[in-house]
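Following this line, the structures themselves.
The same subunit A turns up in both complexes below, where it pairs with subunit B and then with subunit C.
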Partner chain A sequence: MTDQVQKILQIADDELILGWRNSEWTGIAPMLEEDVAFSSIAQNEIGHARAWYELAARELGPTANELAFDRRPDEYRCSRLVELRLVPDWAATIARHHLYETADEERIAALKQSDDTEIAGLAAKIDREEAYHRMHAQMWFERLQDEPRFQEALDELRPLLDVRGEPTSELAELWEEMTMVRRSVAGATW
Partner chain B sequence: MSENSKHPTGQPRRTHGQSPHVLKTGTASGALKEEQVWDALAEIPDPEIPVISLVDLGVIRSVDVSRDQVRVEFTPTFLGCPALEVMRDAMAARISALGADPQIEVILDDSWSTDRITPAGREKLRAGGFAPPAPREVGGPKLVQLQSNAFRCPYCGSQDTALENIFGPTPCRSVRYCRSCRQPFEQFKTI
Partner chain C sequence: MIYEVFRQERKGQAFAHAGSVEAPNEAFAEAYAREQYGRRGESAALWVVPREAVHEIDDFADELQKNYHRVDGYPLKEKLGKARERVSAKNADAFSAGAG
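Entry: the complex of A and B
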């Protein structure tokens, strides 16, 4: 596996797993607006994951679906930050959202400069959508920044951003949930 | 709006009416013309905002007719939009109905932006109660702009509108509120 495809797989895993975690707020967010926001962000992140997996599948095969769902939980390379199940902790959720979107902005900016035109083009397309995630994170950061609980969550979660590839029970549980239909219904796709 | 002025109809390849891609099938009484394909695609409504067609939306980048094959380059709007598969299948069905073999190629690059929505499409959105997207500026949209009153209510035309939610019922929409006619409305996001 080349470094490049490994990097793409990391991003795809991050977006897929975070998308699932964000969707856990669907129906139970503290306000209707946030229910809609986190559901919509989840939908975008999973769409980005699919596009990255499709790119990775050209080298690794066979398809985006297989890469997303048929690897073992210990083969995922997502950040520890996105694996955590944070519902119903709103302060920690916003802290993760802010940390992730800030780091993701840098990563996308670098990918937009890639010599590989497909990677650069996809990164630029994704960036147009991510701009709205960043605005949402910014809005909540401004609202919560003086809250001690929020600051504590930021301090606690920040070091987890760069932890990858250490199998956790939380990811294994999420994987069970995420792949249940696929494993039980022949031919099931996204 | 520079992109719109370059592609005023969203159909750059047929604007001169003399397509180099129209080939005769030899036996058929009328060979399929590129324009017929564009016309057929222009009848497909957006699955989630049916007031606007796929051609109005600017997601069809090119149409090439070669013998009995029609190749369409299709650029998704939002990557997580569940309507994409529906759009792709609808295009394939329309082209099959014209008696040709459809090849729909999904292009995952950065060539679609809301500036690709045609002027006619923008007007249809407005008439349907969706505020059309603001033109994209260099550097993309900013929170301070969304929170400003630079957006016009599609019902009464007032600019006295406020951001209610950056996100809405589909990835492409935000929700705003008009303080003048007291009507909430959906604002197409600029991307």
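Entry: the complex of A and C
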């Protein structure tokens, strides 16, 4: 596996798992409006994951679906930060959202400069949606920044951003849930 | 706070009331309005207005039933019907004159 595709898989895993975790707020977010907004962000992240998996599948094959769902939990390369199940802690969820979006902005900016025009093009497209996520994260950051609970969550979660490749039981549980339907019918295509 | 959202479907068209969002401040209101009324390409533009900024007027005095002030004061339906009849009668005359 080249470094390049390894990196793309890492992003795809981050976006898929974070999208899944964020979607756990659907129906129970603090306000109806926020429920819609946060669910929409979750959907976007999964859409980004799909696009990155499709790109990675050209080298790793066979399709985005296999890469997303047919690997073992210990083969995922996502950050420890996105693996955590944070429901029903909204302060921690927003802390993660802010930490992730800040780090993701740098990563996407670097990919936009890639020599590979497809990677650069996809990064630019995704960045236009991420701009909205960053706006949302910033808005909440400003609202919660004086809350001790929020600051504690930031301090607690920040070091997890760069922890990768250490399988956790939380990810294994999520994987069970995420792939259950797919595994229920052998050979099914969706 | 409640914000009222107005939606313009296509550039140049009038804005129409779309609904309202509850949000703690303007930034949130804009984000939520964007999500609920603009995410699916259904709007060219939105107006997001604090509800207090909207002045409602609903007391219209019309004690003497001055129906000539209203757009429905002069029923045109009958007049239009008669005018159409006149035109078609005239056309029929012209046609028979030409044929003869």
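We adopt the following convention: the second predicted complex is superposed on the first by the 185 of 190 C-alpha atoms of A that agree within 3 Å, B and C clash if a C-alpha of one lies under 4 Å from a C-alpha of the other, contacts with A are read in each partner's own complex, and residues count from 1 in each chain.
Heads up, the rule we're going with is that a residue touches a chain if its C-beta (ideal position, glycine included) is under 8 Å from a C-beta of that chain, and two chains touch if they have at least 3 such contacts.
Being a predicted model, the structure only gives us computed values, none of them experimental.
Asks: Subunit B versus subunit C on the shared subunit A, clash or fit?
Replies: clash
Asks: Which partner does A:Glu54 reach: the first (subunit B), the second (subunit C), both, or neither?
Replies: Touch partner of A:Glu54: subunit B, not subunit C.
Asks: After lining up the shared chain so the two structures overlap, which partner does A:Met135 touch, if you call subunit B first and subunit C second: first, second, both or neither?
Replies: A:Met135: touches subunit B and subunit C.
Asks: Touch check for A:Ile46: first (subunit B), second (subunit C), both, or neither?
Replies: After superposing on A, A:Ile46 lies in contact with subunit B but is clear of subunit C.
Asks: Given the superposition on chain A, which partner contacts more residues in subunit A: subunit B or subunit C?
Replies: So, of the two partners, B touches more residues of subunit A.
Asks: Please work out whether A:Cys78 is in contact with subunit B alone, subunit C alone, both, or neither, and reply first, second, both or neither.
Replies: Neither subunit B nor subunit C is touched by A:Cys78.
Asks: Using the superposition on chain A described above, determine whether A:Gly121 touches subunit B (first), subunit C (second), both, or neither.
Replies: first
Asks: Tell me which partner A:Arg143 touches in the superposition: subunit B (first), subunit C (second), both or neither.
Replies: In the superposed model, A:Arg143 contacts subunit C only, not subunit B.
Asks: Does the superposition put A:Ala37 against subunit B (first), subunit C (second), both, or neither?
Replies: In the superposition, A:Ala37 contacts both subunit B and subunit C.
Asks: Which positions of subunit A sit in both the subunit B and the subunit C interface?
Replies: Common interface on subunit A, subunit B vs subunit C: 33, 36-37, 40, 132, 135-136, 139.
Asks: Could you list, by residue number, the parts of subunit C that touch subunit A in their complex?
Replies: Per the stated touch rule, the residues are 21-25, 27-28, 31-32, 34-36, 39.
Asks: Give every residue of subunit A touching subunit C within the complex, in rising order.
Replies: Contacts found on subunit A: 31-34, 36-37, 40, 132, 135-136, 139, 142-143.
Asks: Residue numbers of subunit A touching subunit B in their complex, please.
Replies: Result: residues 33, 36-37, 39-41, 43-48, 50-51, 54-55, 117-118, 121-122, 124-129, 131-132, 135-136, 138-139 of subunit A touch subunit B.
Asks: For a test of understanding, state which residues of subunit B touch subunit A in their complex under the given definition.
Replies: 78-82, 108-113, 140-143, 146, 164-171, 175, 189, 191
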